[in-house]
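Inspection log for the structure reproduced underneath, given as structure tokens.
Letters A, B and C name the chains as they come in the text, with residue numbers starting at 1 for each one.
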Amino acid sequence: MPTLVENTGQSKVSAIHELGRADFISVRDFNFFYGKKQSLFDINMDIPEKQVTAFIGPSGCGKSTLLRNFNRMNELIEGVHHSGEIQLVGKSIFDRNVEVIALRRTIGMVFQKSNPFPKSIYENVVYALRISGQTKKSLLDDCVERSLRGAALWDEVKDRLHESALGLSGGQMQRLCIARAIANRPKVLLMDEPCSALDPIATVKVEELIRELKQEFTIIIVTHNMQQATRCSDRTAFFYLGKLVEYDNTHKIFSNPSEKKTEDYITGRFG
Amino acid sequence: MDTIGTHSLDFFKTDKHEASRALSRSLKNRFLTLLCIALSLATLVPLVSIVILVLKNGLPLLSRHIFTELPPAAGMAGGGFGNAIIGTLVMVGIGLAIAAPVGILSAIYINEYAPISRLAKTVRLVAKLLTGIPSIICGVFAFAIVVMRTGYFSAYAGGVALAVLMLPTILLTAEQALTGVQSAYREASYGLGATRFQTIIRVVLPDALPAIMTGIMLAVARAAGETAPLIFTALFSQYWANSLSEPTASLSVLIYNFSTVPFPHQIQMAWTASLVLVAFVTAANIIAQTAFSRKH
Amino acid sequence: MSAPDPDSQPIADFKSRPDLFRLLCQAAAALAVLTLGWILYEIIYGAWPSINKFGWNFLATAAWVPNREKFGVLPFIIGTVASSGIAILLAFPLGISIAIFLNENFLARPVRQTVRFVVEMLASIPSVVYGLWGIFVVIPLVKGFGDWATVHLSGVPIFSGPAYGNSLLTASIVLAIMILPTITAISRNSLSAVPHTLREGAYALGATRWEAILGVIVPSAAPGLVAATILALGRAMGETMAVAMLIGNSSRLSWSILSPSGTLAGLLANQFGEATGMQVNSLMYAALILVLITLLVNLAGEAILRYTQKKTAGIH
């Protein structure tokens, strides 16, 4: 039995990027329903560890729906149900033994619209630690600095950690939300159109950040921006009408897609 | 190499300390949910108690005579409160006749003519503040401007007090009703060359009418149940009123007067009057809701 | 209007006529504004002799003996503040709970709608009916509790005996029920105005439902909850009939919540009908104090509510 390796942030970021497991997350015959309306059909895919996987596809094709199943956020909506399986490192996330609040700590999420809590920057970052009962100040301080550095925000806010997070700019708020998500030391980071509300400069910063973060996290990002997908993802999945049409290396998808639909979409012929 | 081992799968309950911590969090969560549900359902208790008592104590005396006869003298049996029902209706009517035009016209001014003027802002603020003024102050005001000037208690005085009470409700709901009218209608009307007056009368008001009626019914419901503004403006009367300028009975003051006397029959009558009053107020509220739903 | 021939119609009639309807509306609006000033004017005018005679002492004196022309409203001010304060203490936890309950999906929608309907019904029951109900239901309960408390909790000043049914506690309990709809409605509004994304953010970080509610949603709605409480306080202070029927209307000062007390509104309700001379002026003075207190409280509540709306408008 191999020993349990603690992932310490800084050491890993500088560490050589080792290739992880190819089926870190695996989706099997997954169907999803909002009430009677089916919005995902027989999805099968393996998402590799420590790589960036992009979900693309026209609006309403089910990208967010699938993404929000990975941390079971969809359970908050009344009347939903699913069939099939989603596994994280070989274990079902729907298993009865799974504590959903612990699952959500393992799989962090960043939303389309940044949603900092109306608290100080500091309190936003340590929120997850606080709710899991951590009170040791030195540990919290460490976490704040490490996470904010991780989200490339430290230098901009280090002098006003105790001011309200609502005073930040849009791009800063989004990076704060990323910091808040990685403070939890998750294994996976889900990002649903994280840049759609940001200006180009802030977008570049977040994209750089994503490339950095994949040293440590498995990242899944939903995006409507083709350039963004090519710039920062390793693999790309194209969805259409709730089905997974094509899933391959990003380079392959954008240079030589095997499906006509994919080609039409990325060349802007529809959607 | 088995890569599973390198990941601490902490979403499975593996760590003992972690598991007990998660358990206590989820127990706390459960407890708060139950507490919240219990407290919320506890509100049923007073309402159910009031409804049951009003029905139980009010129904025995409920008969046709209640509506046609005069209140019994102290310690006497029989009788009714026909004069109080009429008095309530008359005074609410007087209040409405004053408050409705002022309220609706003000609402038209602040919504159609000058929505961002200083007057409009002041009207909104004053209306909000008037809703917060204790109802008994409306009585004090009517006492000062009617009773003290004329020298006697009267239905007029009661009506004026109720008008002040109703004004803010009518004004604010009418303004909301007017805001709810799509501006496309107005523009279409102006586009056809209508004047502002024509647009308001022919397009805006008809569209807003159901919602305005809602406000009026809500105001009526509230005014009918109020006692404080009437208690020293209209006072009370054992007899049928001959004019609007004499002390006038009302249901709510009757309840107040009879609830504090030591005669069981009178107390029973207070319950019956409560039943009638609650029925009337509830009916007015229901009409208000349904009149409103017609709009959508 | 007959359809005019477009060609024969003059291009436009640019002459603007005075809009009489506009003037009428403007007059009505002015009247509405003046009402508040007029109310204040009449009350001050009526109170003037008493203001002249008693000045500030009126507020600090604990005597109300009309036939000896001794007037002071201190006990009634204290009674007003105490009864509405206790009512808030009772109603606040309940009202916030209900608001949270209505904003969450603990139970099926029909149950939530029922609770909502019940709270709305509570708002529509006339004050005198609460008074009548209080006489026959709450007074015996409080009397029973008071008899027990004066024996077993006799060391505590607020439970010192003897216990009465017509007491501060009785009035406060009924007041709490009466202001519950106000607290609930405003709190519910401010809770549901909290953006859904904040809740999702908390859940995504592994918060339980109540950690999200208490740690994120309630703090975001806090100004609205404060405003709800303040506006409810204003209502409680001005509430007249139920209090007048239940509180005992005494001008004696006492520490015990089990003994009779009095409020400004109750004083007016009880004495205005038969008052003469300086008593009328003094009652007007008392009315003035009541108006000023409630206006102040309501202004504060409105200001907070406005501030909240501005702030949440920024978040959305």
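Assume a contact is a pair of C-beta atoms (placed from the backbone, for glycine too) under 8 Å apart; a residue touches a chain by one contact, two chains touch by 3 or more.
Keep in mind that this is a model prediction, so the values were computed, not measured.
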| item | value |
| --- | --- |
| Graph class of chain-chain contacts, one of line, ring, star, complete, other | complete |
| Chain separated most widely from chain C, comparing mean CA positions | A |
| Mean-CA-position distance for chain C and chain B (Å) | 14 |
| Chain centre separation in whole Å, for chain B relative to chain A (CA means) | 51 |
| Rounded Å distance between chain A and chain C, as computed from the means of their C-alpha atoms | 48 |
| Where chain A touches two or more other chains, by residue | 101-103, 105, 131-132 |
| Residues of chain B whose C-beta touches two or more other chains | 25-26 |
| Junction residues of chain C - those touching two or more other chains | 208, 211 |
| Complex interface listing, chain C residues touching chain A | 105, 195, 197-198, 200-208, 211, 215-216, 219-220, 314-315 |
| List of chain C residues in touch with chain B within their complex | 19, 21-22, 24-33, 35-36, 38-39, 42-43, 45-46, 93-94, 97-98, 100-102, 104, 106-107, 115, 118-119, 121-122, 124-133, 135-137, 177, 180, 208-211, 214, 231, 234-235, 237-241, 245, 265, 268-269, 272-273, 283-284, 287, 290-291, 294-295, 297-299, 301-302 |
| Residues of chain B defined as touching chain C within the complex | 25-26, 28-29, 32-33, 35-37, 39-44, 46-47, 49-50, 53-54, 101-103, 105-106, 108-110, 112-114, 119-120, 122-123, 125-130, 132-137, 139-141, 143-145, 148, 164, 167, 171, 195-197, 200, 221-222, 224-228, 231-232, 235, 252, 255-256, 259-260, 270-271, 274, 277-278, 281-282, 285 |
| In the complex with chain A, residue positions of chain B that touch it | 1-13, 18, 21-22, 25-26 |
| Of chain A, residues touching chain B in the complex | 1-6, 20-21, 49, 88-91, 93, 97-99, 101-103, 105-106, 131-133, 187 |
